[in-house]
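As written, the chain order gives the labels A, B, C, D, E and F, with residue 1 at the start of each chain.
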Amino acid sequence: MRPSGRQPDQMREVEIIRDYTCHAEGSVLVRFGNTKVICTASVEESVPRFLKGKGQGWITAEYGMLPRATGTRNGREAARGKQGGRTLEIQRLIARSLRAAVDLKKLGENTIYIDCDVIQADGGTRTASITGGCVALVDALTHLLNKGSVKQDPLKRLIASVSVGIYKGTPVLDLDYPEDSKAETDMNVIMTQHGGLVEVQGTAEGETFSREEMDAMMDLADKGIKALFQEQQKALGW
Amino acid sequence: MRPSGRQPDQMREVEIIRDYTCHAEGSVLVRFGNTKVICTASVEESVPRFLKGKGQGWITAEYGMLPRATGTRNGREAARGKQGGRTLEIQRLIARSLRAAVDLKKLGENTIYIDCDVIQADGGTRTASITGGCVALVDALTHLLNKGSVKQDPLKRLIASVSVGIYKGTPVLDLDYPEDSKAETDMNVIMTQHGGLVEVQGTAEGETFSREEMDAMMDLADKGIKALFQEQQKALGW
Amino acid sequence: MRPSGRQPDQMREVEIIRDYTCHAEGSVLVRFGNTKVICTASVEESVPRFLKGKGQGWITAEYGMLPRATGTRNGREAARGKQGGRTLEIQRLIARSLRAAVDLKKLGENTIYIDCDVIQADGGTRTASITGGCVALVDALTHLLNKGSVKQDPLKRLIASVSVGIYKGTPVLDLDYPEDSKAETDMNVIMTQHGGLVEVQGTAEGETFSREEMDAMMDLADKGIKALFQEQQKALGW
Amino acid sequence: MRPSGRQPDQMREVEIIRDYTCHAEGSVLVRFGNTKVICTASVEESVPRFLKGKGQGWITAEYGMLPRATGTRNGREAARGKQGGRTLEIQRLIARSLRAAVDLKKLGENTIYIDCDVIQADGGTRTASITGGCVALVDALTHLLNKGSVKQDPLKRLIASVSVGIYKGTPVLDLDYPEDSKAETDMNVIMTQHGGLVEVQGTAEGETFSREEMDAMMDLADKGIKALFQEQQKALGW
Amino acid sequence: MRPSGRQPDQMREVEIIRDYTCHAEGSVLVRFGNTKVICTASVEESVPRFLKGKGQGWITAEYGMLPRATGTRNGREAARGKQGGRTLEIQRLIARSLRAAVDLKKLGENTIYIDCDVIQADGGTRTASITGGCVALVDALTHLLNKGSVKQDPLKRLIASVSVGIYKGTPVLDLDYPEDSKAETDMNVIMTQHGGLVEVQGTAEGETFSREEMDAMMDLADKGIKALFQEQQKALGW
Amino acid sequence: MRPSGRQPDQMREVEIIRDYTCHAEGSVLVRFGNTKVICTASVEESVPRFLKGKGQGWITAEYGMLPRATGTRNGREAARGKQGGRTLEIQRLIARSLRAAVDLKKLGENTIYIDCDVIQADGGTRTASITGGCVALVDALTHLLNKGSVKQDPLKRLIASVSVGIYKGTPVLDLDYPEDSKAETDMNVIMTQHGGLVEVQGTAEGETFSREEMDAMMDLADKGIKALFQEQQKALGW
């Protein structure tokens, strides 16, 4: 039934490669099927103005897509002179989600920038970005610990994310682009390692969805995210 | 327990005034307690380029806040030279939600702009904008019908929205600013008159939320939105 | 002769409502006939860089129009990414005029922002903004006095403004939009309560104007502005 | 009494050099004392969109200052990424004024761009721009006539402009920078060759001005502008 | 003598991987040592306005760097709202160089966008971009030929580029970042497969360079570029 | 053979006028035939942030063109809201070149802005800007010495620049616009008074160039620049 031949509750193959580039404190290539995102975590020993002197740190994120990450070329945002609404929305979501992974007090007056750059897109770029970005974040926190810049590990828990949706009337897990572009409903779920919900964003396209469909999607998301935590832990060697 | 003394499942007083300004095809002042938003619906007899010649219409939205709608003055976005991420996110949400109210085919090659300008803010500006914007939209559709520009009423159903959240551990309905700024979780729910879900956006701040809490919030939202449909219908004289 | 049936020297009905919104130190809805402007005055306890340490304050202004304040929708300046020349010109005029109301030395190192947002336009938005903005300014100054932030009242005098013009060969007072769009000459006059001229801006459209016509317009303006001072004082309860 | 030793009703030396640069259809260097402006008039055989197909032409203007035209260096507007409010206000004034010189119907569907670039500033740059820009405009109109692009001369009359003000209590003509920066009132007057007023813009700085002072300034302006018409005609060889 | 231990005339290891991402008509990862650039070639069946109807095609290029491609994080150009001078300079160079590879007449009214995105930087990003971009370009041209969109192969010749410089007084080939940041002179040379020079850009930093040094650098560049043509051909399977 | 009738090794008439405008510390009109550029040098007693506290100065440059410096009007960069790639490239080149003239340590914590504004263009605007800008720079350095702001003369040597190219197969010196627009190769060479090369930028247009042609062009450039040093010294009265 699914264009990819997957079962409704089957995720795409996931791959998380650490140390993908050499300069960043954390650098991960995350792959959800054909979706590939480079996630880097960069440490800056200062905080934004609104946090100066408050003895806590900050996590922020930026998201981009190479112009030809997609089937037809998208104009470069740097050339157009501004980031679009979709970009801003996604990077706000990534940052908000990853802040839930960290005890900002323990981070001290440090800022971690998570940069997620999609080099190949096939649906689910924001969920892959959060999942991969969290691993890059862990590496950056370890770097700070090893360097002695922070005394106690600021990591509270891993965060991961997956999309679910209603495709041709059936709840499905981890939509790829052919599904995403035709799904009746698309929902992104972000959870912590301990099962708490961090963010839920469900949107109907054309058709509305019911409480029962929402429950079914939440069940699928729960299953998918558990698998993602295993991939993150495997990559981290935990 | 709530700063306003309201019961957990009690909404603020809601008021919907039609024909608030004189030029727009639909013009509504919507009030949720101290939150006041002017919502206008403007008809333009053309469609964006990507819809040219497809025989369907479009609904789009823009959102703004007067600089002193809030407790401290916010810089004017026009002066800063760009709309912030929060603004873009809200106006994308309003437009997406209100498109669910309309049969775009029946609308023909017309565009309706929904402008939501907050003149006084006290939490819930996006849910008030959707709820009031829907009434302005109905007036603009009636205008098109009366003028003969569309043959059949494009309105499929009313749309309304309310916020729910977890405040001091308790699920509450229709958060005002003092609650919103301290809530553990904040969720915006958008539904159709017939009970279908159009959008659900839940965000944890600091603490995560559970499936049970999500269910309790959804129940509250359902109750609140039903009351809003009554207010919309009363305002429309249905 | 006038589209509205008014006498050449007759102003539109004027209304000045204080405390129109709840957050600003001064908040006024001013109405000149169908022209309605929300004017707020916001206090900030600092001054722009060029005045730092000079022991004086500053008055600045910003002007905007809701997209559908006018007969056809105008693109939102925040979305277009810049304020147009007309907007900049008007807000410079408002700020310059209202600075004539205040002893900036007595104001101390405080800045007052006057925000004038047109919610419904029918000609004369800049003159209404100045007239209403002055009342909001008075309220903000009183707030500073009551709070003890300034020792002596910085208000030197009230400022008000009206437009005059030559319409179908006749000098007329307080042009509405149907007149303004066809007038041969349009002049904005700004005066103090004590009769001094603060600013005069007269522009011919197509036809030029003579010194005699200019004198006749100045006489009308003088009459109109006297009436406006009475409205301001009535609103202020003086 | 005046810093320059001039009489109150004495203008600075005025020079108008045609064909100052070689590419433009009209190219003038205008000098009012130490104020020097290059004014070019460029013809484009089309009109802005709002005039397409209406059988008439358009005059528009742009104004700029070299960064070091002034005593201290001003940041380049192209580098800052936008034209300031003062620039936009001046170029709107120049364009509006010069449109009064031309019968736009006779101009046909042609646009003339007037570019005024200040290479050295000492007060009065906008009045010099209008006065010099008019001569460049005449040359461009002659070019169109000679080429046969227009059948009848679109020139209705010359336009010129001068500033007047109240300096140390005395009305003075053609303020230079030392006067302008200290004047109580500054007024720019724009007139046609036939004595009609095109625009009057008077602004009080600190002190207000009276009707009597306004009359005295208008008399001075009238005298100064008559002298400017002679300079324009001399330059044009009329 | 060189930080990397290389001989003065020794290039870094070069790798050119085709089909690196799946959507673009040409997609190459090029590596010069630790410098890694993703180069894609995208076909658009139209030409810029200035070429409409002239029966020829166009090659254009855009260049970007992931924020953490470098040792310290660089602000994202999309977030800053404009491309910097260095970026614009490099992308103009890439486009100009690659146009020398193609017979634009044979390309017909097609545009090829070359996007070069640096994912890891260690000196020589512009020379790697040109060298890798040329291979992506060849693949896009082959795609057009295979599809029948062009009749004759528009490729005239391969183009490659290398940097040379004077480091501690010695001419060296293919500078990495530690050398580049300390070199007295830095020169980028771009050549065709047939030995013709396309572009030479040499810049002294602090010290000047002599004609003899320039000759020595040109000899090294010639040697390096010959090796690059072999890598390009090997990658292309020629 | 050349459109101007000049010999291949013949420069255009060069003129360097000092003190062209009255406010800047250095102000030069430089003319290469019909190319005319106003170059000013402005002193600011501070340095950019990245140099604060390092005890050295800085030279920066900005370049602009009046809209009608060219045969057809170019849109004003300030109005378009950004400087184009060509402008940024040229001003980076001017600044880099002129820094080679100065001992930045001896300059102390001062910045000199070189503004080059083309008032009439006929090819070679960047080479004229560098040549004239150097004279303005010398005047600004002398100003600092005379004022006692610097103790030792920071000038190390004069810098000048000329263009060379291959026009109809022949190497030619100092291309004007008719040559430049048709030349097969265009090269800009920048040298010091003592014969050292500061920058070489050669670009083939369509045809490539050979090492022999490059040598011939370098010989011509050497000759032309020697003549320019004489003009600079004559203007400076050395």
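Here are some notes:
The rule is short, and it goes like this: a residue touches a chain if its C-beta (ideal position, glycine included) is under 8 Å from a C-beta of that chain, and two chains touch if they have at least 3 such contacts.
No experiment lies behind these values; they were computed from the predicted model shown.
The minimum number of touch steps separating chain C from chain E is 3. For A-B, the equivalent interface within E-F, D-F or B-C is the one where over half of the contact pairs agree by residue number, namely E-F.
Put simply, the chain farthest from chain E by mean CA position is C. The chain with its C-alpha centre at the largest distance from the centre of chain F is B. Between chain A and chain C, the centres computed from C-alpha atoms are 50 Å apart.
The centroid of the Cα atoms in chain C and the matching centroid in chain D are 28 Å apart. As a whole-number value, the distance joining the C-alpha centres of chain A and chain E reads 33 Å. Of all residues in chain C, those touching 2 or more other chains are 81-82, listed in ascending order.
Neighbouring chains touch in a ring; in the direction leading from chain B to chain C, they appear as B, C, D, F, E, A. Considering their complex, residues 82, 84-86, 88-89, 91-92, 96, 100, 187, 191-192, 194-204, 206-211, 214, 218 of chain C touch chain D.
Residue ranges on chain F touching chain D, taken from their complex, read 21-24, 27, 34, 36, 38, 40, 42, 44, 62, 64, 66-71, 73, 76-79, 81-83, 87, 113, 115, 117, 119-121.
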